[in-house]
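Okay, so chain A shows up in both of these, paired with chain B first and chain C after.
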Partner chain A sequence: MPVRIWRKPLDAEKAKPPCGEIHILKDLCKGCGYCIEFCPRDVLEKSEEINKRGVHPPRVADESRCVVCSFCTAVCPDFAIFVIEKPCEGGR
Partner chain B sequence: MSEKDVSKAEAEEIRIGVYVCHCGLNIAGSVDCAEVAEFASTLPHVVLAKDLRYTCSDQGQEIIKQDIKEHRLNRVVVASCSPRLHEPTFRKVCEEAGLNKYLFEMANIREHCSWVHLYNRKAATEKAKDLVKMAVMRAALLQPAVESEVPIRPEALVIGGGVAGIQAALDLADTGYHVYLVEKEPSIGGRMAQIDKTFPTMDCSICILAPKMSDVGHHPNITLLTYSEILDVKGYIGNFKVKVLKKPRYVTSDCTACGECAKVCPMIAPNEFDVGLAIRHAIYTPFAQAVPSTYVIDRELCLNKEGVIVCDKCTKACERQAINFEMKPEEIELEVGTIIVAIGADVFDPSIIPQYGYGRYPNVITSLEFERLINAGGPSGGKLLRPSDMQIPKTVAFVQCVGSRSEKTGKPYCSNVCCMNTIKDALLIKEHWPETQIYVFYVDIRAFGKGFEDLYRRARKEGVIFIRGLPAEIVEDKQTRDLWLIGENTLQKKLYRIRVGMVILSVGLEPRKETDLIQRLLTLSRSKDGFFMEAHPKLRPVDAATGGIFFAGCAESPKDIKDSVTQASAAAARAGILMAKGKVTVEALTPIWIPEKCQACGLCVKVCPYNAIKLDKERKKIEIIEAACAGCGTCGAECPFGALVMRHFTDEQIIAQIDAATEVDADKKIIAFCCNWCSYAGADFAGVSRIQYPENVRIIRTMCSGRVAPKFVERAFARGAAAVLVSGCHLGDCHYINANYQTKKRVERLWKKMEKAGLNKERLQLVWVSAAEGEKFAAKIREMQPIVESVTPEEIEKAKEVFQKALEL
Partner chain C sequence: MMAKQEEMGHPLEDFLRKSRMPHIWCPGCGNGIILHSFLQAVADLEMDLDKTVVVSGIGCMGRAAGYVNMDSFHTTHGRAIAFATGVKLAKPELTVVVLSGDGDLFAIGGNHFIHAARRNIDIKVICANNFNYGMTGGQQGPTTPLEAYTTTSPYGNIEHPFNLVHLAAASGATYVARWTALHVRRLTASIKKMLQKKGFGFIEVISPCPEIFGRRNKMRTGLEMMEWFKKVSVIENFSDPAKAEVSRDRIVVGEFVDTEKPTFEEILYETIKKVQEKG
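Let's turn to the complex of A and B:
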């Protein structure tokens, strides 16, 4: 059996991934779903709600997983989503 | 008759010279050598028979040489000691007289006769005659043979870049050979790079290792392949073809290791190098002194999955533009002549011992974690911190033999380094925090090496308390996270209950999990403990049983750095000898394939322990790779169609011995088949130890018990033998990796057959005898005596009938 890794690293507090605050401009979304599909951390999901353009905009499923890569912003054709880095708190 | 015809006829006429040796009184003391020589002269093809006082002496050798020339001898039989001792001597004598060395045969009348039958001169003399007869009958069928030569490619592969692999690679490269060093991790260094100081000198480990690592990186004769795996190995000594998978690092060699990329990478995970005590990023280098220093991207962790570039933080941060997500895995083919296996050792995972609480109690750590904590470059900056509260503990306990010397954990062996490692660790703590109270719970302290005892004494002088008796249990105080060790002090026969702030489990070493794969790819053997097994524990300690492969470091058994390095240099020298010679001769013991008889059934392919036979089903062909064949003869015994003739151990030759041994009084005899390496040597050892046993056994030597075809056993019974003994190396210890499993299978089949035919299956015995088990061999013969005595004439007749077919061969 090789070495088992199980502990929380001692410096885990010091080097945390950045935390993001996600802003979705629901009515700009045209429902292409790119952000949901391409988010590498599975932060977003489709919502039930119907917006002004008659489609389901994304909603945040788990903001704590976001690492502010901003790819959602980059892929969104209609500038409907952006992320700003915020101070991390609590769990992470 | 023309002159040519005469010479041809003469060449074909078999002329045997027999020399019966007195060996002073060693043989002559209990065997009438003159009588044996007299008897030998009456045997077919024997043109002269002499008894000599010391046949191996210069005078003895001269006599043989002269006789070969004068009497045109074309076969020589010496009846003296074990062929394991003097066969090479007499073979040389023959060659010097112009006779092919494969035309020489020995009868072992010392170890197997005079020494084990000291008190019955008559019976010993009769047995000696039988042994000479068997040798003469076999000699008549011997064939000259030329040994083939295999070229050795002057390039080497070293698998594993720990200190052992590093040393072996450097030694070979410095000698002038090109070396490929393959390491699975992103950096070379192995365990030694992880540890802080080294016992017994207390040198800084990485300080002495790093220069060697960088030498490897810069050596013109070394091709370093890190982050690479061995996929496949084909071929044999001198000509191995190796497939290596070089995994993409996604960072090119333009990287200057500035670390800017890691600073911006959002993804983190525990760093394996730090045993998870520190974090690393998705783009990382395992440690500061890594060689190569080029960073690597962990694609499992990186946000960028196959085909989608989501994150470009590192790419942007890298001024040298060294990051390249387009890199693909590469398959590299190497051709090398020799291989050194240096894959090192893993450490034991103590969470399988629930009483110690590892994995549940944060302040119970392993000795490997300790190394990272006490290391100034480690996650705590060299402070021994309790993971629970990041405080330096005031009391510390070491628990020894965790995963060593215990049947319960399946690790009965001693891991060799842990005692000294603990003493080193204790002294390190004392150096930094002299007030710390330190307990060491042990079974025995093994301070056997140079400078070890001094270190042990120093530790005691500095107040480290050694308590004999491992704790039965470790219990955590939920509030303080302190730990109670509860057990018995076996010296004072008193129970102890001691409270400490931190427990360090001194974990043992165990085979790397990759050992299975490497074993399979290189057809290696392993000892009971799971580490690789050397060809001979004393005399060939770094050779594998498979030609051209050598071991270095902990891959072979747990050992410290000094021993690993010593072994690495030895392995490099051994590999270097082969490559310097540029060729090896293969003993002419390999099979000859008879295409007309072969049915391409492939049975031989399945039993060959060395994968030396290839089957071409379509063309109904097999191919024997001589250089890979070790000459065990297992294939020859397996082939149902007689399509494989084992050179120097042909069916006819072995049958001639069986027939000679069973000519008179077969019903009182045991025909024994012994393998050269273990059981024959064991019988030799019985002789050397003068262990006495009944005279009725006649030993036939084969290289491996795997050569013993069922038809040989059947033939012995068909000729009226009372009993047959098949013996070989212990299972798992076979000189030919695992050929003796075939022996076991065949004997079991014969037992079934005998049972079915209503024969007493006790008449066929199987025993595993090591070279050291003279008494075991003798005991077996003694044990078989009542079986031999109780066999009735009817039973002998019945067996003759049942196995009648075996006479047709």
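Let's turn to the complex of A and C:
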């Protein structure tokens, strides 16, 4: 937990972060890496596969960490990634 | 999972001409981010696409007119604002947005810009500033920072650059802001605010240009340029635009001007009405 949250929020039990479903349009990706670098929760990572353009598109490392901030959608210059909210299962 | 990915399209694909995608911009180019922010603002405001016109000039960002699924003009070099003025005066009910680059708007089209800002005509200008002429091979332009290397300044730029926000504010624009391509959320909010306002609005977006500008200035990838923006940019809302510098060590971003003034087309149509009543 970051140092700045030193007190537990009062509605911590009620407020649950939403769960996201990440869609990557692989063949549109040009491999700039912005989504991987600027994801605040480190959900994405570089993959080994090579797409139609000859670059490595991102891969979802851990979808359960995603909180649908959609920063990857906003920072992608190629309209190649988007996140939609999905109903949470189980734990979260 | 795979099948689902194939079926679903990007949430903004209705705003893009799908036959034109993917776009021609380089990997790591900020123009796509600016276009995304603009389209996101249009989507959030639920604007009527038949009543929105995008005008752009020549250059990398000039391609944007061809990618948006709205009425658009791809005009001659530097004359984007001149065409936009014509569109706005002929049909004042349209929202006219100019998406263009720094070379187009401030080098060859500099005079159009200052006079459109002086008249306060209701057009919205979003300028992608990549510090050089990207499309023609990276020549030094009016926004190249002092001592930066380009193809035509191999020993470092010896000219002082334009301060675009100061120029716009001094010319009389009613909304002036500067963001980098990394401030996507604030940029989208800023574009939304500008689109809802009347009068001449101007947003400068500092855009990464790794393939042309960055690689001559020790920033070979888009990520390195974005890290540079992250490290040196400071938000100073409503500070003096004259002191809003863009240099190696400091980039001042934020909103600088937000005022109200009667617009040119309002005064024009009022005057026409008055004269017709008289005669």
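By definition in this document, the second predicted complex is superposed on the first by the 78 of 92 C-alpha atoms of A that agree within 3 Å, B and C clash if a C-alpha of one lies under 4 Å from a C-alpha of the other, contacts with A are read in each partner's own complex, and residues count from 1 in each chain.
Throughout what follows, contacts are C-beta pairs under 8 Å (C-beta built on N, C-alpha and C of every residue); 3 or more make two chains touch, one makes a residue touch a chain.
Predicted, not measured: the structure shown is a model, and the values here were computed from it.
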Worksheet item: Which of the two partners, first being chain B and second being chain C, lies in contact with A:His23: first, second, both, or neither?
Response: second
Practice prompt. Applying the touch criterion given at the start, work out whether A:Phe71 contacts chain B, chain C, both or neither, answering first, second, both or neither.
Written response: both
Discussion item. Just checking: does A:Phe82 make contact with chain B only, chain C only, both, or neither of them? Give me first, second, both or neither.
Written reply: second
Discussion item. For A:Val55 in the superposed arrangement: first (chain B), second (chain C), both or neither?
Written reply: second
Worksheet item: Is A:Tyr34 touching the first partner chain B, the second partner chain C, both, or neither of them?
Response: second
Worksheet item: What part of chain A is shared between its chain B contacts and its chain C contacts?
Response: 38, 71
Worksheet entry | In the complex, chain A residues that touch chain B | 1-7, 9-12, 15-18, 38-41, 67-69, 71
Discussion item. Under the definition above, what is the set of chain B residues touching chain A in their complex?
Written reply: 266-268, 270-272, 274-279, 281, 303-305, 308, 310-311, 313, 346-349, 351-352, 359, 362, 368, 379-380, 385, 387, 390, 510, 512-513
Item to complete: Spell out the part of chain A that touches chain C in their complex, as residue ranges.
Response: 23-25, 28, 30-34, 37-38, 55, 71, 73-80, 82, 84
Worksheet entry | Of chain C, residues touching chain A in the complex | 4-5, 8, 10-13, 16, 21-23, 25-33, 36-37, 40, 182, 184-185, 188, 221-223, 226
